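Structures follow.
Both complexes below contain chain A, partnered by chain B and then by chain C.
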Partner chain A sequence: MPKLKLPVPPMPGRPAPKRPGKTYGPQTPREHGREAGTSAIGWIDERTSLSGGARWMMFRKVPKGTNWFYTLGSATMFAFLAQAVTGVFLAMYYDPSATGAYDSIRNINNEVFLGEFVHGMHKWGSSVMVILVFLHMGRTFFFGAYKYPRELNWVIGVVLLILTMTMSFTGYLLPFDQRSYWATIVGVNINGTGPFVGPYLSDFLRAGPDFGATTLSRFYAIHMMLVPGAIAALMGFHLYLVAKLGTTAPPWLRAKSPEKLREEKVAR
Partner chain B sequence: MNKQQKEQYLREYGILKAEGKPFFPYAVAKDSLMAAIVLVVIIVMSIVLGAELGPKADPTTTTYTPRPEWYFFFLFELLRVIKPPELVPLATIGIPTIGMILLFLLPFYDRGPERRPERRPIATLTGIFVVVAMGYLTYLGASAESPTTISIDPPANVVAQGDKAVATFNSGAQVVAQAGCAACHKLGHSGNDGPGPELTDIGRRLPRQAIERTLINPTAPMPSFAQLQQDAPQQFDEMVTFLAELK
Partner chain C sequence: MAERKTAKSKYTADRQIPGAFEGETVTRRRFMTGTVHTAGAVATAAIVLPAAGFALGPVFEEKEQPWQPVGKATDFTPDTYLPRTITIEPRIGDVGKSTVFVRRFNPDVDTEPRDQYNEFIAISSACMHLGCPINFVAAAQRFICPCHGGVYDFVGKVAGGPPVRPLDRFYTRVENGTVQIGRRFSVNSELERFSPRDPGEPLDGVGQYMYPSRPSMRKLPGT
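The block that comes next holds the complex of A and B.
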């Protein structure tokens, strides 16, 4: 039976349907203004075809039974974005030199408007992000979500975990107070005991055999350019694979067999 | 997973996905609420805990305690738990590296089709064990404090040498305490037992020159005291004297 489509009743506020014979599209400047948003998006879409991708991303289906555990990944990404935003504001006032670093952080804490608040958000945000990374990884592990076909996404996730730890290791030195300075020396020394690459890695981190003036700026460059760029790129790829393969259903959920569905239909 | 199991998984997942709801707005709403909670938690932590700054870093100082960020405590505690010096590289690099490799390769050696945690007892129990072990080590690291005073009475032969030797011994003990040695070494009743070896009777095991050499050119991860020797040779000398007298 062909589907019958009921005519839409006229609603208040809705523009009257177009009649044949009338010219289409906005005519008056007022109509143009009303459709400015749509036409701007249309202009971009005509040149990029991004709307298909956006529709693919936003209107993909999420399996039945998806619960709050599945928000941990996006929460991690949000924590990273918060770190990026607060980090940009801290970078505006920070001076990555052995002589000026400590004083610039003290200036942020004591003089800059909301300085200590943003510094605190960045400091504690790192703890929150690490916790979320581990919770997200725990969920993936215990739900068996790393299995076929999502093996590659697990591997990317482990790389992201290591990069997150690198962020916190390099960021810990930047305030350049006693605690961060000596903890970083011990940390770099521990790296140096590693097999094969260990000594080279610690020489690279220190910018030489000793902890010198360039060490701090090297840590700063790694902390605010190298690693965040890598994290953002890998996070994008991680997210693309999530959208492509779909989020897992909770492992104890079983799909009703399609045969049964067919039987039910026949019986009815 | 063989080909048939893979196909069955994809078929079943396809059905579950078709029964699901669109990402926007259902999942987006949940994710947004979670993001708001994360933001509130960060803001509250920032307001309550602040971002205090310790004293300025001073490479020439002798007073410091190397303390990493709390989520590295479990790695640091691993050094404390593993005692014998020949196994220390295993703790510093071996176990973390092996753990990382195992983590990387997880989907390649765990290829079974089963996903329910209660039907994967080995994986689930291993996971719980790792979580508990890391939590316990973090707790140990958080509760380990490094004393800033060392109370060791001067031994009899130092007392016999007269007041000057006793004074040198005591000021040496103070330098060692301020230098944070007790964070990693046990000295009598003070200090943490590990990662470094016990120093209670170091003078019996090592001659004075060897102690001096170790302080200037230590084995990792111990930091070097060469700077102290240059800047304050007297303090450094007291330190060496104190350690050499511990018998």
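The block that comes next holds the complex of A and C.
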């Protein structure tokens, strides 16, 4: 016999079903205005059911002993978001050509309103992000939070670390001053010392055997399209796994088993 | 005990599938699934392969390096180097220029066999540690790199510091009394010619096999 789903009677505390002939909801413009935000969110939620996911993500149980060290991952994410926002606005003034890059950076720093400030946020923010990544990694390591079932999240984290390093490397060339140019020459040559594939990889990075006409635009494309997209996608998956698997308690807290289940207390 | 399943016949007709043909072994459902997967793979490849080839193209494309004049043959002596500027990449202004150090072949110090390409010795300014620009210090008769202290002797062999092989060189030739610089080549510690490698890649012992030459830049054939 196929299973039948019977209509469920209204739970206590739920609003009673609407009846014809009665008025519900806001009536006057003032009442409408007061409920505009709620109804807009309600309109979206009725069509997407996103609130369930948001509740699943944000209202999680966390173990006893959760402390400030657990905020390092979110701090890294916000450092990335700050880099993304400032980076997008820097791209509005930046010219990724070998003949125009240096002048456009000088224009950003000297002429554009708040240009030096936004450029500085992006430049120093990159160091902040790298430091936070390592602190977050250290926290995970010392708290043993990489162990089963969170190994995959550790692996994704390592890929994110490598991608962050790629961002730092490709972004270093973009101001195109003497330091950028020679640091890139040295960096690409270090990359080339990898046996067997190194020479081809550095040809790929430079788009040829020497620093050429499209090297800068290649670094620019990797820096602002390829790697940020990969970081955003992997960060989303990283967060999903955190929400799904939960966080670990700090190692100095031991799980307490109920008194009556302890072996020495059980009557024989 | 449940009866063991008998192995299915490979013929669709034996399996009582409606509309099966005599001798048919592939069901229509399986055929359609395969067709759709193949079509999907072809469509994906039609987008991914050109895009990947576009990005990877420069790795396989040989770079043009025309001969360029650097001065009259009578300007150069066998005893010291003169710095000359050449263009490595013409489209990017000053960034595409590089310094070479040029002198006449000197039988007293140059041990390699003489041929049409080394009447003049042109030494690249890229340090073979990691590519910083070296300078010729005439008083010491040495090439010195400012980054990590690489030192090379008068013919470009490593005299100290981290570099892994002698300085790269350029082919030279004389046309109508003018010295011309051609493409770059690398040398091992015996000053044998190899296809150009990047700095940091040794060429002695197994080095030449661990760091293979690349299609983007080769030495002149037969040299």
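The rule is simple: the second predicted complex is superposed on the first by the 235 of 268 C-alpha atoms of A that agree within 3 Å, B and C clash if a C-alpha of one lies under 4 Å from a C-alpha of the other, contacts with A are read in each partner's own complex, and residues count from 1 in each chain.
In this section, a contact is a pair of C-beta atoms (placed from the backbone, for glycine too) under 8 Å apart; a residue touches a chain by one contact, two chains touch by 3 or more.
This one's a predicted model, so the numbers in the text were calculated from it and none came from an experiment.
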| item | value |
| --- | --- |
| Overlay on chain A: chain C relative to chain B, clash or fit | clash |
| Partner chain in contact with A:90 - chain B first, chain C second, else both or neither | neither |
| Partner chain(s) touched by A:167 [first = chain B, second = chain C, both, neither] | neither |
| Which superposed partner A:61 touches (first chain B, second chain C, both, neither) | first |
| Greater residue coverage of chain A in the superposed arrangement, chain B or chain C | B |
| First (chain B), second (chain C), both or neither touched by A:99 | second |
| Which of chain B and chain C A:144 touches, first, second, both or neither | first |
| First, second, both or neither for A:235, with chain B first and chain C second | neither |
| Touching partner for A:227 - first (chain B), second (chain C), both, neither | neither |
| First, second, both or neither for A:208, with chain B first and chain C second | second |
| Which superposed partner A:198 touches (first chain B, second chain C, both, neither) | both |
| Common ground on chain A, meaning residues reached by chain C in one complex and by chain B in the other | 181-182, 185-186, 189-190, 192-193, 195, 198, 211 |
| Contacting residues of chain A [partner chain B, same complex] | 57-66, 68, 70-72, 74-75, 78-79, 82, 102, 105-106, 109, 116-128, 130, 132, 138, 141-151, 154-155, 158, 161-162, 165, 168-169, 172, 175-183, 185-187, 189-190, 192-195, 198, 211, 246, 248-249, 251-256, 258 |
| Residues on chain A engaged by chain C in the complex (per definition of touch) | 98-99, 181-182, 185-186, 188-190, 192-193, 195-196, 198-200, 202-204, 206-214 |
| Chain A partner contacts - residues on chain C that touch it in the complex | 55-56, 58-59, 61, 63, 88-89, 91-93, 95-96, 130-133, 147, 196-201, 210-214, 216-217 |
| Chain B - residues contacting chain A, complex | 1, 6, 9-10, 12-13, 15-24, 26-28, 30-31, 33-35, 37-39, 41-43, 45-47, 49-51, 53-59, 61, 63-72, 75, 88-89, 92-93, 97, 100, 103-104, 106-108, 110-117, 120, 123-124, 127, 131, 180, 220-223 |
